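Below are two complexes that have chain A in common, paired first with chain B and then with chain C.
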Partner chain A sequence: MSVKKKFKGLSDKAVAWLFIGPSVFLLLAINIYPLIYAIRMSFTNFYANKIGREPQFVGLKNYIKVLNKEAIWEKMQVTANFMFWTLLLQALIGLGLALLLNRKFKGNELLTTLIVLPMMLSPAVVGVFWTYLYNPQVGLFNYVVNFFYDFGSFDMIGSSELAPWSIVIVDTWMWTPFTMLICLAGLRSVPNYLYEAAEVDRASKWQQFIYITLPSVLPFLLLALLFRGIENFKMFDMVVELTSGGPGSATELASINLKREAFEKWKTGYSSAFAVILFVTIFGFGNVYVKVMNKIKER
Partner chain B sequence: MDTSRSYLEPSSFSKKLAATIIIVYTVITLIPISWMVMTSFKNVNSAISYPPEVLFEPSLEGYVNLFTNRSRQSQEYLDSLPAPETWYEELVRSREMVITGPSKFLGRYSNSMIIGFGSTFASVFLGALAAYAFSRFRVPLKDDLLFFILSTRMFPPIAVAVPIFIMYRKLGLGDTHLGMIILYTVVNLSLAVWLLKGFMDEIPKEYEEAAMIDGYSRLQAFFKVVLPQAMTGIAATAIFCMIFSWNEYAFAVLLTQFNAQTAPPFIPTIIGEGGLDWPAIGAGTTLFLLPVMIFTIILRKHLLRGITFGAVRK
Partner chain C sequence: MKKIMILLFVSLFTFSANSNAKSITLGWAAWDPANALQELTKEFTAETGIDVNFEFVPWPNFADRMLNELNNKGKTFDLLIGDSQWIGAGAVYGHYVKLNDFFDKEGISMNDFSPATVYAYSTWPKGSENYYALPAMGDALAWAYRKDWFDRPELKSEFKKKHGYDLGVPASWDQLYDMCTFFQGREIDGQKRYGAAINTERGSEGITMGVTAAMYAWGMEYENPNKPYDMEGYFNSPQAVEAVEFYRKLYEDCAPPGHSDAYMVANLDAYKSGQVAFQMNWYAFWPGVSKEDSDGRVSGFFANPKQNVAAATLGGQGISVVKYSDKQDLALEYIKWFARPDVQQKWWDLGGYSCHNDVLNSPSFPTSTVYAQGFLDSMGIVKDFWQEPTFVELMLPMQEAIHDYVVNGKGTAKGALDKIIEEWVEVFEADGKL
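Our next item is the complex of A and B:
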């Protein structure tokens, strides 16, 4: 009897492929194939709503068009601003809340669960409801703001100066708990003996924070920001329902613009090129970020 | 006496201060959600009064409006009708309207249920198989495969929506429950595989090895020993998949219209006379968010794992 096959039934190798196969097949069919399809279409002048018309190969024309279009760079700018402010606010508030929750007062488990609620909700439905809160005539948000300082009438969604902030506020409200939870895990991972040693060495609380707490939380915070960065680069649902990219194109993020080109103007070839560019951007940035993050972790 | 207290323990003053700030934050962050729930119990007029009404006479008008279609009628016509038989008919009549039929909400809600449960079951089942294989066997290119599975989550949904739209049109899967179940299953697969792999890594190998020495085959050991051991992890993963499918909007709005549309694209379209019907939207929102809030409370111990794809465990 061979040593390898000592148990009855299928060999381990067969079981491994049997178990992994279906998942890989589905991912290839519903994720990778469409991606390759999109890359192929990005080199053609295909219109998905014109059935029967043979698409023609146009080379890099779509890519050149996308990159030379000023409007695209405006959308990228809007996306970059949105990402900058949401990530900054969520990092600061999330870390702050985590530090406070880490004081282990009574009831902090319950409060953590309550704080986390917004991020589990449907972003599209959240967007709809915030249009009510932001309503310039009857909205609760406007009422509360005016209660503390009378700005008079203002329209968070309708004014092109305020609209970018309206989406930053909602996103921060929803997702700060995310960074908070992950930072909290980081804080709890710091072994107590580090602080004990610091106390013996008469390090001040502030020094302990700078030299022990912060370096231990940093990798966790960076991980949280990676997740949020990817999500907000793709941001679509909440903003579509809240401002639908308006007024004008003040809050038209890259993926909202992509949806317009692809599903309203049906410029399939052109929008595929845009999608590929977005995908390469996110993948490129993501990879560089992970490398930097690992460097920091090693230190 | 308090001398035994470790100097690492925060002082009671700093604890109290922290607790106060956290409580204030919690209250502020819950206001929008509570406001949605409150609005669902207002009548149309009190929902658009200014300053916003905190105290109001509760009404079920929002819920009635959510579930029915109504049309406005003249007073003479209303007088000519027989007396209303139910409380909701009476409520609608008092607004000079009659109920013309049920609204689409129930259908959209049950679509969300069917697609949510279907895709959750499929992704957890397939995910558990793959996770087990990654956890226990030497798979060639394991790390690359795992990263590939994770990277599919980075695609902006709109980027692959057009090809999927065309593919589905060819296959006859456009605007069908099956099509959406397959799509959400695939989107959730990466989460399911990564989370479940973490949970399976924690189950000692010795369990199934003992079973196999007792004469179980590998498959029997997996189904009879490993799966029951992994039940907590499977339940947590299932809830995460369910919440994702339940909340998904981009694919739903782009790929479905009449037949398989779920609730998220439908709720924003609830329109009353002269603008959006806020109590009805509040009612739809409340009914839609309630399951997720309950799930979140059940999940609280596994939240961290779920939101980081298993990268951070407690």
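Our next item is the complex of A and C:
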């Protein structure tokens, strides 16, 4: 009876806190605390593997070192190239496939299922089996390319010119279905009466695409690209399995470099500074992107 | 119902009996010698009643997995057969138990083991009498070649005509290059063949282990022998630069297509599938290669060829007791058993590479296998990468810079070595060594 009374006496605010409390606690423990800890570490010369050695405050030294290191900018450039090409290709091919699958034809469901299969695979597994597909001696990729035009023997993951493309191709193969599915959802939400009205107004198919389809599907496409952009900024497993960041450092993305600095070289302070810089970059870009996306949505 | 109850009771009893049994866990890399050790250890269990569980980690993840375990003071392993380069970190960071008192108590003398292996696998600081491991698996980087191709009269005469000397075990890296280019792209038995499968792996230590085989043979030193950590003019000496340039030439002119990220298994596969005339690999793999060639007709083996000096890249490991283990006494019992000369002889017989003098100095040893003499030769000339506690930090920049130059074709050999020194100086400064 007293317990019932006690709960009855809770204010709405208290009940609300009771519900969100566990989530807030988890968020603080799992996300916010490590973030604050990493920021703190980024101002020290801490090495996690040097047991018993107290971290010393070094001010902005780690940040200056990261920003002045030529190799870091090379990795950022590799990451930017990877993101640009994967997002562009996934947007174009994903939208194209969505337009194709939005039509009613025999085998539509089966084709959709087949197309989305790659994204259900583990990225590490994808990385491993594409190393075989890219093998210049027995790989299917070279065979198929040479079937259309005889380039001779070429090594996709051993050549510094081709290796960056090798990871772009695999990521596009794997994740275009994701963009396609989101775009398809967008296409299916466009009311038919808009097209009927356009037909009445004698709008051509191209005009219907430009003035009805594209504006309707664009917020969906941008959302898909936001997700893919965030994912690709932190891309790790597929690339490590496929190229290990090589040849040399031709495909060493920022995330791979960060892992090597943090958990192989154990430069905890330095890598925390690098991680904070990456976080601020993605957070900044993400915010600007969301604002642009919302403006497009409002139009 | 009664039967089910009896069955449950028996299962419960068996489970509790098992959980009370004495057992230890040994960690090592997943490769042929590990299987041999597993086989050998059955005798230990039979003698002592101590079960030994094994956790073998594939080479590309071996260092990551084990070093993380040690850094986290994990209790998964009681015994660890860790790479030679880890000994510094094992000792300095207190991951390994110091074994001197135990050796004294049990009458285990390091004089009974090959000096090169004791120096490389057991001591820290290097050359001191502080022992943190028992030499477990001697190893060095060596070469296997297609003896059956080399024995073909038409190829022999063609080679002699072209180069003026016999096709056979190369006496220098220059000869190795001649032979590799001789086979590169050549059709033998209707199949296109290539020169050599060499180490080019980027992720862990592969290309470093490969290129240092050349650098040591050219006479490279890591540092000024009179001034530790003074690397300028030593690690990037003209000889070292020439060796790195040579390694790139070997990769460009003699490696099979797609061999841009290859290490142990990839080299072995390229060789076994008949793609290449030579493979660079660890002695640990030779028992496996030899097993498939019982009459010794197909494969021949030789130690790393000399160029300016005779030298070979050291592999191999010592066995250590993990400081964080709750079963150190059982782990030490295993080491005591493993150090016995009779066990060491069985270890060699099963395909492991014993470092015990009784085994190595036995008159029958050099002829016991086709690669035994080469192993003896190699162990007398081995050189190792830095064994500093910071060896991972030292390895990574070398992997990147050498791969960038050799495989990616970027920059110059001198530039790559200078870049490595720059990074190493930073590591030694952070470690308080400079």
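The definition used in the following text is that the second predicted complex is superposed on the first by the 280 of 299 C-alpha atoms of A that agree within 3 Å, B and C clash if a C-alpha of one lies under 4 Å from a C-alpha of the other, contacts with A are read in each partner's own complex, and residues count from 1 in each chain.
Definition applied: a residue touches a chain if its C-beta (ideal position, glycine included) is under 8 Å from a C-beta of that chain, and two chains touch if they have at least 3 such contacts.
Note that the structure is predicted; figures quoted are calculated from it, not measured.
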Contacts of A:Q137 with chain B and chain C, given as first, second, both or neither: both
Partner chain(s) touched by A:V66 [first = chain B, second = chain C, both, neither]: neither
Comparison of chain B and chain C by chain A residues contacted: B
First (chain B), second (chain C), both or neither touched by A:P34: first
First, second, both or neither for A:F178, with chain B first and chain C second: first
Touching partner for A:S249 - first (chain B), second (chain C), both, neither: second
Touched partner set for A:A48, first chain B, second chain C, both or neither: both
First, second, both or neither for A:V58, with chain B first and chain C second: neither
Which superposed partner A:I157 touches (first chain B, second chain C, both, neither): second
Common interface residues of chain A - those touching chain B in one complex and chain C in the other: 48, 137, 139, 240, 263
Complex contacts: residues of chain A adjacent to chain C: 45, 47-51, 134-137, 139, 153, 155, 157-160, 240, 243-250, 252, 260, 263-267
Sites on chain C touched by chain A in the complex: 64, 67-68, 71, 89, 93-94, 201-203, 256-261, 275, 392-393, 396, 400, 403-405, 407-410, 427, 430
Sites on chain B touched by chain A in the complex: 7-8, 10, 14-16, 18-19, 21-23, 25-26, 29-33, 35-36, 39, 47-52, 126-127, 129-130, 132-134, 136-137, 139, 145, 148-149, 151-152, 154-167, 182-183, 185-186, 189-190, 193, 212-213, 215-220, 222, 243, 246-247, 249-250, 253-254, 264-265, 267-268, 276, 278, 281-282, 285, 288-289, 292-293, 295-297, 300, 303-304, 307-308, 311-314
For the chain A and chain B complex, residues of the former touching the latter: 7-10, 12-13, 15-20, 22-24, 26-27, 30-35, 37-38, 41, 48, 97, 100-101, 103-109, 111-125, 127-130, 132-133, 137-140, 143, 173, 177-178, 181-182, 185, 188, 192, 195-196, 199, 220, 223-224, 227, 230, 233-234, 236-237, 240-241, 255, 258-259, 262-263, 268, 271-272, 275-276, 278-279, 282-283, 286
